[in-house]
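Every chain is named by a letter (A, B and C) in the order it is written, and numbering of its residues begins at 1.
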């Protein structure tokens, strides 16, 4: 319990630190949402100054930060100049999109990686091992961007999957099962992309952990007892190999979120990614800040969960 | 405690040296004297404070209290520059020859390093001195370019000795110099040390748990236990009349070893 | 031993690839901005050794292009053959890129065009642009890696060697950097800087951002090496001779970091190349008219273009061999480090 409280406090401090730094940088950034307006000769400097004052952009930094914090506590996260409204609702909607995508893809990837990794580990030392290793390397070197463009091409050619969006028009009038099916259909390509991006690394790590466990005394013992192969791997060896895999989950979260950003943008999936990009282009710093905090929260929380899982799973850490 | 030499001729004078680490007292009120050209054997089981004492003498640890006088100067009262010069006078050879030499360095690099650090001589002079010392310790001249990891354990210890001598130290401290070396090598290096001692007039402190070795090399032996010096006598006296239980235990260990080997 | 041999092959391949990109000025038949408005989205030119009378010629030739409006594509105009010329002199003002040379490897007489990888919407040769674009993308990756490693080395050495509060500050700051997913961090850094900048500024900015943002992992690894290194026997011995901190770092500790720096380089370079490609693709990196693999792929993003003009994916495909090669080299180095 003490450990959990300590880690939680640490996470909160970290997020505070991120918010302060980001706020500082956004304040120091040259230009703002009204930069475009400034270029327009018809708009007078007074108008711009007035607009800035209206949105509180001319107040001293600590005041603005405090205001932002209170807004965040209320769930508003400041005011989006580009969307003319509080950032909060925008964020929530897109956050759901990203969560849906990443969670589904992660589950899919792990579900696939574990059996494949085990199969790979079982076949080590044979020629198929080196073939598999090379294949995985090749797959690893394919950048997500290229894969996404390829999938896009595939979608356009075959017209089997919709391109962009989470729902078809008229989604509200569908029945519950139909609704789910519609979203799943829209989600299929992005999820497949994200999962495929994760698979090579996961398979490699599952294989490595399994191999390590396979060589341990207790595994050899179990084999000597004549336990059948499948059971041996899944019920005896896999639990022992879990720890490094939990750590891996923590490490790969950052890459997962980054990959998700790119895929959302390319495939037109309404998640945090496209929102972020728009905010940057429009120099809508309130929105930029909010997305930054959201992504940091996801990552820090995910790592926290992984830490706690690891703590529970590995008694050795507790001794410290 | 018998004082084997007159105080005025003493090279090294340790007075009331104490070193405390938090709760643990590693060295407790130690008084020792060492005259020029003499060899002191510092004997005791592990954890008796021998290595800590050595570290206090070589500026690695600062004593909690007490004084160390070397050639009439208070070691721990020196400023930075003087301390640096004093470092050249007192040299130590560490326990494991392998780890105290940078495996990537060549033999001459290693032996000449103290000269480089103390900025003595130019490249050529340093190289010459290094090679000549290598020969002194019995290493062939053509091994000069070999890397440290290519030498055997015994050869590495010779390199460490050569390196320790390159600055012409007055006092040489050897901390368990024969760990990991077999009996034959041990006697070889012992012989080398005796030669060097005679040629260069070295004053030595030999730290070991082997009483027999100390008896062989040293003119007097100080037995340490639990941070204090519990007995201090010549080897002959010690063997004839061991006063402390710990001394007796050490003696038995040594004799048992000698018995096994005969 | 087998490992060392395959490492050699991959390194040779990397050298060859980088060399080819460096020699873009020689290998590319056209300047990267040269437009041929008559031939937008032309497919890759077919090279012939046998003419229409089935005679073999050692010197290959191509045919002119005729737009075929019915098929919405192009047709070969077999009325006239244009032979390939080699070692052509470069027209004045046409030299471009990192190593402007005065000869081109190959080309054809106007008005024929040779598009080895097809052309884009403005009729610009994709092959030339992939080469020149490669210079931008690879250079960004290499320069940013250099920056990251340099920063990581300095900071890791400082934190590991002097410890204390310097170490604490470093670790805490590093945590802040790692609190954001790397692409979000990169984009956020980019967001707070001016958007409309010229290509040279953009390049420097990208290198600065990508390089600075990635200092944490190298710094931590180096710090680890330094922490264990400074306790080694020979370091303590050197201290005993009166060595200063600077000497110890320079002579003993720095060489310990070399293998870590090398393996990190092979890991970072491909990541940073991809970072540039991603940023430019999203419109936040290098912009027209300077090509980079990223901004070239952005053109391919309009999927109706992509479907009918597959060669637009060429800059993306160009990343595959180089990423694979770096990956294999990194793997081998890792294997060799841990016997």
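Here, contacts are C-beta pairs under 8 Å (C-beta built on N, C-alpha and C of every residue); 3 or more make two chains touch, one makes a residue touch a chain.
Keep in mind it's a predicted model, so treat the numbers as computed, not measured.
Here the two chains linked by the largest count of contacting C-beta pairs are A-C.
Taking each chain's centre as the mean of its CA atoms, B is the chain most distant from subunit A. Centre-to-centre spacing of subunit A and subunit C amounts to 26 Å, using the average Cα coordinate of each chain. A straight line joining the Cα centres of subunit A and subunit B is 60 Å long.
Each chain gets one centre point, the mean of its Cα atoms, and the points for subunit B and subunit C are 57 Å apart. Those residues of subunit C that touch subunit B in the complex are listed here as 232-234, 236-243, 247, 252, 255. Within the complex, the subunit B residues that touch subunit C are 58-60, 83-84, 87-88, 91-92, 94, 96, 98-102, 104-105, 113-114, 117-118, 163, 167. Against subunit A, the residues of subunit C that register as touching in their complex are 172, 175-176, 178-184, 187-195, 270, 274, 277-278, 281-284, 297, 300-301, 303-304, 306-307, 310, 313, 316-317, 319-320, 323-324, 327-328, 331. Subunit A makes touch with subunit C in their complex at residues 14-15, 17-18, 21-22, 25-26, 28-31, 137-138, 140-143, 145-146, 149-150, 152-153, 155-157, 163, 253-259, 261-262, 265-266, 276-277, 279-281, 283, 285, 288, 291-292, 295-296, 298-300.
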